[in-house]
Amino acid sequence: MRSGLAWAAVAVAVLALALAPLGLGRYDVYILTLWLVTAVAALGVNLIVGYAGQETLAQAAFLGIGAYTSALLAKAGVPFGLAFFAAGGISFAIGLAIGFPALRVQKHYLAFVTLAFSVFVWLVIRNEEWLTGGVMGLKDIERPSLFGASLRPHRLFFWFVLAIAAALTFAMWWLVRSPWGRAFTALRENPVRAESLGVNVRRYTLLAFAIGSAYGGFAGALYAPLVEFIDPAPFALGPSLLFLLMVVVGGSGSFAGPFVGAAVAVLLPEWLRFAESYYLLIYAALVILMMAFCPTGLVGLAGRLWSLRRRPARMAEDEGARALGEAKP
Amino acid sequence: MSAVLEVRGIEKQFGGLRAVDGVSFDVRQGEIVGLIGPNGSGKSTLFNCILGQFEPTAGEVMLDGCRVTGLRPSQLNRLGVGRTFQLLQVFPRLTVRENLILAGQEHQGSMLGRLFGARDAGLSAEAERTIEFFRLAHLADARAGGLSYGQQKLLDVAMAFMAGPRLVLLDEPAGGVNLTMLADLRERLETVNRERGATFVVIEHNMEFVMALCSRILVLAEGRIIAEGKPHEVRRNPKVIEAYLGH
Amino acid sequence: MADFLQLLIAGLATGAIYALAAIGFTLLWQTSQTINFAQGEFVMLPAFFALVAMHWFGLPFWLSALIAIGCAVILLGLVFKLVIVDPLIRQGVLPLVISTIAVGLLLKDGAKEAYSAEAHRFPSIFPDRLVDVLGVKISLAQLGVLAVALAAIAALQWFLAATSTGRQMQATAQNPGVARILGVRVERMVMLTFVLNAALAAVASLLISPIYLVKFSNGETLGLAAFVAAIVGGFNQVRGAIAGGLLVGVIDNLAGAYSGLIGVSSSYRQAVPLALLVLVILFRPQGLLGRREERSV
Amino acid sequence: MKKSLLACLVASAAALPAAAQDSITIPNIIELSGAGATVGNNWKNGSSLAVEEINAAGGILGKKIVLEFVDTGSDPGKARAAIQRALDRKPVAIFGPIYSGSVSATLKLTADAEVPQIIGGEAANLTAQGSKYIFRTSFGQNVSMPKIANYLRDEVKAKSVAIVYVNNDFGRGGRNAIMKELESRGIKAAADLSTESGQADFAADVIKVKGSGADAVFVYLNEEESARFLVEAKKQGLDKPLIGETTLLGQKVIDLAGAAANGVRGHVGLTVDAPIPAIQNFGKKFEARFKYKPDHNGVKGYIAPYMVKAAAEKAGKLDGKAIAAALHGLTITPDKVPGILIEATWDATGEIDRISFLAEVRDGKQVITKVLPKLKQ
């Protein structure tokens, strides 16, 4: 009964999204597309941070790996489908390669290694001019074609991205409700106990990190044809920190969190346009308030308001405190 | 009967402190062995060395005659060794049923099979049975974090049995559990032992509980085994009395 | 050889500043498990306090410097602890880490909007003179930076080891539970580490600004360097942070000069300290001088 | 319901302040945060100052100008989105971006929309891509680097040169351009040193320069890094001529580097320090208004509105296409439009042509040693 309702809500949301561009201008459609692409990368961060309880400071770097992989392959004449899976696959493999040594040691070390990796990727993109175009970037990245029709028009490209994002979202949903998802939750809540129950904590953590990173790669493969231009700036350490911020603001560990967080990150600068360069200040202040009063993020806040109406307030608070309070090392 | 578990000269040093100092013992199929000793005598450290949580400084552990020293806890678990911890360790955000399925799922099929297969990893029926067996049926869909302490303790123990282990190491299962629940717990453990032939090693401070449950008792003091025998023998052993009273 | 010494001394002077910032990292980590991603901004900001005092209120430099340290202690020590860390540590480590990232953004963009996006000159405490030692040109300013930084570190070490308050702080850092039983006023000690962190950051700021110039974005490089230094040296030891800071400063300079010898372009200079970090994590995860923390069950 | 909510959210995001009939809005898509924040804020202040003056004098063709500032975060992707958004509202012109990478990412959009884009970028290739709608506010590196190379050959008489550049789009572009020019003049590049934006310690770089045995050093860094480099060079007693562009010889560098800047030489385009009363007057106005000395990006921002004004008045209408057409081949003189500061001409590719200077720093002051004429008289 409840799940039937949830399915209906999802169907309505997807339908609404599919129809949205009909009433919107070119720039608005661009922003919506950017939101979807950002949300895909954020889904990956949420898997790593929210479900598996690790910290990643390299999602923007994986976005970059995906973007350059797909752009370079597209320029070499490789079909988009292949380039797309190559972008995700390479990110997955690199995720395994850097996660493997980092996860031998304590919790925060994955964060440290990804931080170093993030800077390193940025340096490679900037320095290897022969491959990546260096600081001048790669121009004129073609949008893919489908059945012979170019997806250059902004609405067609939006629908294309929507379809891919929906598929990736479904795959993520499948993953987190499978036994793997249960294992992820277990290793976040209590890795020692999980290990004693036969959960290979290192392997699951590594897989969560690699799959989350692959989502960064997939998002990158969509980002390049969306913007039609890439350069090193959006793949630096700073944007990686912003990915982490966005997922926590949305609600880490909740399935809708990344979508909400990405919406805030993409749309807030638009809403705060009147504030010109002050919007970063406002955003930062909001994040701090959010963390202090509702660490479960906007989704948690919405849930709390909802249950306040329906249940005694005390229970809702307990729930909120429980959600992130136990993420201690 | 053959020895399920053989412990040979286990030592564990923390800095200058020798927490476990050359412990050897065997546990045979179907036995319930109690491990007692004063606080700080190294019981939990010994467990952790056997179970791969700590790497012992010296010595080895054999399971069914195979050397398993240095294996990770998850590998040992998949070889059929279950355990509980001294402090309560359930997953508060999962339901009772989910906790139990989690406890068994890693023994079902392959990694990929678990990803693409059924959500319950084919364990719903087994979970149901375990829930019934530990008398948690009315709580099956409640979040574990919302259960009372005793109920959580039962769940904790139940999880250790989910995968049908041959050897279970229980660290203070009776700690903090009220009297009625305690009798329940003992009776359940005895039933598992009888019906499934599971072997136990139990650390316990509650002497009544341990004396009634165990067929053989090892006494640990200052990292060494100072006495071993049937419950009534151990009870009268002067070394044991000194170890307890002298500290 | 002279070149090498030149690089070594320049690297040590910069490294001493990294060490000051890195010590703060380790102090906060030890007493409250806080990873402060705003640490670079903590070093960037106090120089702005001094600039405001000098240029807006026309105060002399020495007074402005004192005011800068005072403001840092209050805002980056007390207020940071009470307004940011205290409410957030209750929510867990991740929300706190996220918040320090946000604090960093806030301070950086705040300084830019409130003062300016320009780089500013900052008066040096030390005379602008050069001494020539065995063909190595050393500026008095550099020596001064090194001397003051090392003196601050020595004073800190002495304070931690020889005073009763210092020992209580160490006890708090190692095991707050036990410290509390022993009668240590743990809360006060934790607060003191935040104050110390802010004071060290302010000293670092006043020392480095004549060389780095004062700019809102200075914290990015500094924070990263201090972070790397803390991990390389050992996150749980003050002496580790010192060694890490000096090492990162020297290695960065040597990498800039000699990376060509091993066929690496100097455009990868930034990668060298990070490679060191990864190596340390792989082979000595507790840091070069850190204590090993046994995995708890 | 969800759809309308979404549409509403997005629409409200894009909603613009309803522009009054008697004013026109010109979007500035510039670097207000991130690595380019200094550059962008100078441009912002410069263009604001010019617009205040223009509006006080009655505006352009009777319309007041409203500037809208949009932050790119120094990210070309965001710049592109912002330009797209601005173009959806059909402005008569767009100002910015200043980073060449961001310009490169956006110039096709403005060309397709036929809206003139007045840029701050200096990379050589920007005007070579066939856009009829971009206009520079300063020399491209394709113009300035040959002048520097000539200077190195004829005045400095260097046979080999060490190049120190900042590894961003500005520095990297200049480095690539000067390499080409040096090669064609038979001058050897003795060292090719990449440095970081925001780098503080130049000890290693100066040692490498010294070790290279070059006759002269070409320093192509942003102002702050230039100052830090000069201080280190003086400390280590680097005695080779230090040659540079506007970012090495500006008053700002002199202020920051102090005595270490003395003896530095090179070629400068339009700077606040040029010995021309109109320019120095601008510098004073700017400093009075914003409490600091502008750099050349302030000048770039300042002349942009005056370019639009002169072109619109020539075309007789406020229309993007007409303004662009009018700017091609237009010479604006300060006697007619004082805000242009110095006579300037735009060619068919949007390249700017005006006089420039050879200068050196003596006793903490920039001294012009020679005035180079416009390329085409």
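Going by the order they are written in, the chains are A, B, C and D; count residues from 1 in each one.
Note that contacts are C-beta pairs under 8 Å (C-beta built on N, C-alpha and C of every residue); 3 or more make two chains touch, one makes a residue touch a chain.
In this text, all values refer to a predicted model and were calculated from it rather than measured experimentally.
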item: Per-chain CA centroid nearest to the all-protein CA mean; value: A
item: Most distant chain from chain B by Cα centroid; value: D
item: Whole-Å gap separating chain C and chain D, where each centre is the average of the chain's CA atoms; value: 36
item: Centroid spacing, where centroids are CA-atom means, of chain B and chain C in whole angstrom; value: 47
item: Distance from the mean Cα position of chain D to that of chain B, given in whole angstrom; value: 73
item: Where chain C touches two or more other chains at once, by residue number; value: 109, 112, 220, 265, 267, 270, 295, 297
item: Multi-partner residues of chain D (at least 2 other chains); value: 33, 35, 167, 194
item: Residues of chain B engaged with two or more neighbouring chains; value: 53, 85
item: Touching residues (chain side chain A, partner chain D) in the complex; value: 12-13, 15-17, 19-20, 23-28, 30-32, 34, 126-127, 129, 134-137, 139-140, 223, 227-231, 233-234, 238, 267, 269-271, 273-274, 276-277, 279-280
item: Of chain D, residues touching chain A in the complex; value: 2-3, 6-7, 9-14, 17, 32-35, 69-71, 73-78, 80-81, 84-85, 88, 100-101, 104-105, 108, 123, 125, 167-169, 172-173, 194
item: Complex contacts: residues of chain D adjacent to chain C; value: 33, 35, 37-38, 40-42, 167, 193-196, 198-201, 203-205, 207-208, 210-211, 223-224, 227-228, 231, 235-237, 252, 255-256, 258, 291-292
item: Complex contact set, residues of chain A against chain C; value: 49, 55, 101-102, 104-106, 108-109, 112-113, 115-116, 119-120, 123, 126-127, 192, 237-238, 241, 244-245, 248, 252, 277-278, 280-281, 283-285, 287-288, 291-292, 295, 324-329
item: Contacting residues of chain C [partner chain A, same complex]; value: 33, 35, 37, 84, 87-88, 90-99, 101-103, 105-106, 109-110, 112-113, 220, 224, 227-228, 231, 265, 267-268, 270-271, 274-275, 277-278, 281-282, 285, 293, 295, 297
